[in-house]
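The structure follows.
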């Protein structure tokens, strides 16, 4: 039974001590590999690069979860669809056609949004009265099916996709103080920031956005106010699918898209969202960045194969401490 | 105001709350509440909505750790104990919004209440040892007796949530009683009941007290409370504003101002 | 592939109904994908080849199949080859070309087999998917052995899967030809004895490391960093690298893994700080291309040597600029056209490339499909050697004996095989040759050019 | 989470328990057990004698092979444990395959490379050693579950799901990463390729193989597992688990130590998974990380849900249903859909999964029970 803590100062001291200990361990391990500031800088930059991708995917999880209370395991499939459809439409990755790229991206996002809507109508809506676990399993089934369709349509080979800056498969790189930064990473950071900003504006300022939030707070109340939770559910799925597709497209140049890319990315996005407490977009972005950072720094100073272990240790630590970075214990059973 | 002890004998109080406080963030829900409950009493806890009555129950049963003060029960300090440990020491309760074990039968609900009366371990249960079977048979019988007592014997096999609301409340009391508590906390037991149901409830509560269980109850229905309790504690905004016999409370000016004077609901 | 003619019990009809329902939904789902394809400008999706019934679109095999189509004297027992590859799951980039090859050969072999006694036998290739999962793979193999009663098995794309399948083949006393690389599949790890019933066709990571060692020695490096994909294959490349490099006094000063799907490679920082003179990579595309690209960016001055898992066009396609000039050991399949005419493998390699591309509507050839081709040819030849009138057990043993005794000096896609009772692979180090990526294609890179 | 899917199968809804007929559910249980035992015996005998050429495979149109019936038995044991944890105690686990894997890897490591972990290799040849290892594996897995259970089970709902998912992934990584050691210093788990050469089980010189013998062993243990679980469900502990599923708070206030019972449920389910893992290792005689990964955990949950989570009997049905669908799409899809190949299998499986969950959200067993009840009226 979770209890409300009475000693915040004690907790702060423990957290600070833990942070100091972690940094000390990182430095000690890094020293064995002769790491200098440049190496650490590189690990952090790369970590934030990977983290922004996770963050972008996490936003899709948050969107669906807040409105419907479902953890949508099909989110990874939307990411895959976005990337694969865009790559297919764009065709030859080295053609240097900027307009074509934008058109391909837009079509891919719209198509994936439609898939998201269809998924909601065909699978979530008929089972809307089922319990959460059933709905989660349904989304797992949807994921498997969509990935299967991806396999049928695109086979097992990875696609080439042009970097946005160079419009070529080979991405440009920026170098400063010996640290290398791919230009696509800037696009990923920019997109994540933009999506977060638009999402915040949308949810805070527009009527539909407010309706979405109302649904997440209380379905019954929303219904009484004339907001249809089922319509909002469709909306959330469509929006999440579109956001997933966008994520897939901006990361496509960094990872060569392939039919089964969604599983791992979906899992990571989910972990990022979970770190953020599942209900807050900014927290999900922070969660994503934290996840990417953890993975890369841990992999850099130890064995890469263990990076997921560190990622999940951080996840569990975050869950146990606060149930999300910003959120308080939302799941606590109240008397 | 000094508590009035109904008995002339100065019996040691069963439950003592000393300066009990609880703050949620900046909101002080319970503010230095001090009171005592004598053995064998029925004590009422009243006050307007949000006065902190249920929070007091939650503090006593260990659901929240208080931010200050302490609870003594039978001479033992309870702070820091888990709710189930407090239950094992003899305090059980009901909830304002009934919390039955849904999807379990009426009988099974009471059998869970008898949890503390049984010892069978997991392995013994899996192997269905002779001792386990004997114990099962015993608590089966005990649960039936208890249902008999509260008048639910005919519905033992029904699903708990299929009972009408009034009987759900009764079942919750039976479940709490099954643990054989020395102190029973009832959180608005009469809420939502019809008049005849209230009468039956009143006599049930008295019978429980007569069998030796001390009772503290939170209640809104003044008529119901006044006729039932030995003593009343009035809370407002987390603080004790009055304490005494029903007659005393009814004539207390501050209570009338804060509570009775204000039209309810 | 010959359609399976088993009668279906009444029970299955209900399942079929459910399946039809499922397919209706599937059509709805895949319609979206199709719409997008029509707007596609260049890419040719592989759907036609994989969904159409094999045999209809197949280019008729001409030279590859050694079957001679004489008028059959009599009709004998039908033969069955059981085939399991990882067509889906983590190993699908290897398993799908293998399955395509199996379907292609099945289509070429519709005439069946005529034995040495002139008796004709129908031939069926039963193709199942292991889902890249050892349990599913073993279950598929068990099905082939006990339910379908196949005469020979060609099974196992991944080493872990093959290791779970091999004991079943041994217990059932049936020859199993694996398409996975680990030596442990065909040899007892402790005693080094060949496993009686198990063969395999792919070149090994040992060959790969030996060839790499020669090249690294020629470069004159004494310290290398080793990056490997975190898979059975990648781990095995490292193990062999450690063994062979060490013998040539080349020290691996840093090694670490990466994963399929990784986008960032923090390992490069450790390579920077370790000061090694060359980086060796053991991986398969797509991630091998990405890691090459990252190495180019982060440690541009350290030479990169790739491994034989990249002998597929995808490696070049996914990072053409980065992999340009990267040397790697490969089987001769990838440089078939550039081989001298007297090379024993040249004709069949060129033919395989033509057949495969035609059968799959233009999918690029990879070395993995070649491994399936070799394995299936062995199975075919084993069956073709049988006399009519043998029981199942004898047929199974006969195929095994034939492979062990007669695959000598046998040119295949993977090299010239010489199987002996002690060596159930039978390839020398010369099975791999050094190639280099030049102008977006694999080019022969002989030692003289180092 | 899953609170609504909870259904009691202790007969409270089916039996007229009002009038002192408490033995009715017990009698129904015994009938169920008898039917299951008879079915298991019949299938085994059918396979052994194949009267008139009819065997399991031909009876099911070639969909279910005998190999599959053994796998159903093994996974049934895992899912029975999972049902106790998820269906009864209401604690979600998305990492159950890790416990399954721990059992399998314990058996694999201790029976093939015991000397590596510091145990004399003389034991490896003894027939009783693998059996002892099974028990050892259960103890190890149970101990690990106990250690992680205390902190993890403080979480609820989605948060618990995520934490168990994380634990599961970590354990699988540990298998693949040789427990974090370098492969060349001490090869304990064999990396991604895993451990081959696990011996068959024996009693003295009597080998429990060919597969017909193993089938009986597996199903004997599965039925014992089901019986034990049924006893637990109907005991003080079982009631405590179901009570805390409904309301942890209410359970606490009548004296149920919910934290302890949740941990117990986890430990028991982990031990079920572990023994099944050992059986799996000696069945496949090779282990590698894939069958114990995240997808496997997910599939176990799916099996539990399809069978009906709050029902011990749901386990064999759920496992059988999922494996049958898998085998069906694997081997017969080309007959249903002309020319379909391996790729379509995945699509079909996904779609069927969705259909099952939409139309039978409480699971097959509950659904069948309901239909049967309607017909019997």
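Letters A, B, C and D mark the chains as written, and numbering starts fresh at 1 in each.
By definition in this document, a contact is a pair of C-beta atoms (placed from the backbone, for glycine too) under 8 Å apart; a residue touches a chain by one contact, two chains touch by 3 or more.
Computed from a prediction, not measured in an experiment: that's the story for all the values here.
Traced through touching neighbours, the fewest hops from chain B to chain C number 2. Chain centres computed from CA atoms place B at the largest separation from chain A.
Taking the mean of each chain's C-alpha atoms, the chain closest to the overall C-alpha centroid is D. Taking the mean of the C-alpha atoms as each chain's centre, chain A and chain D sit 32 Å apart. Taking each chain's centre as the mean of its C-alpha atoms, chain C lies 34 Å from chain D.
Put simply, the C-alpha centre of chain A and that of chain B have 48 angstrom between them.
Within chain D, residues 3, 176, 247, 249, 252, 258-259, 343-348, 351-352, 354 each touch two or more of the remaining chains.
Each of the following residues of chain A touches two or more other chains: 1, 145-146, 148-149, 151-152, 303, 305, 335. Taken residue by residue, chain B touches two or more other chains at 63, 82-83, 95, whereas all remaining positions touch fewer.
Of all residues in chain D, only 1-5, 86, 92, 151-152, 154-159, 161-163, 166-167, 169-170, 173-174, 176-177, 180, 247-249, 252, 258-259, 294-295, 298, 301-302, 305, 309, 343-354, 357-358, 361 touch chain A in the complex they form.
Residues 57-63, 65-68, 71, 176, 183-184, 191-194, 196-197, 209-210, 280, 284-291, 326-348, 351-352, 354-355 of chain D are the ones that touch chain C when the two sit in their complex.
Residues 1-2, 71, 123, 126-127, 130-134, 137-138, 140-149, 151-152, 263, 267, 270-271, 274, 278, 303, 305-306, 308-309, 312-313, 315-316, 319-320, 323, 331-333, 335 of chain A are the ones touching chain D in the complex.
Interface residues of chain C, counted against chain A in their complex, comprise 25-26, 28-30, 32-37, 39-43, 45-47, 50-51, 88-90, 92-93, 95-96, 230, 254, 256-259, 261-270, 272-274, 285-286, 289-290, 293, 297-298, 314, 317-322, 363. Taken together, the chain B residues at the contact with chain D in this complex read 61, 63, 82-85, 87-88, 92-93, 95, 99-105, 107-108, 111-113, 115-116, 118, 120-122, 125-128, 132, 135-136, 139-140, 154-159, 175-176, 178-179.
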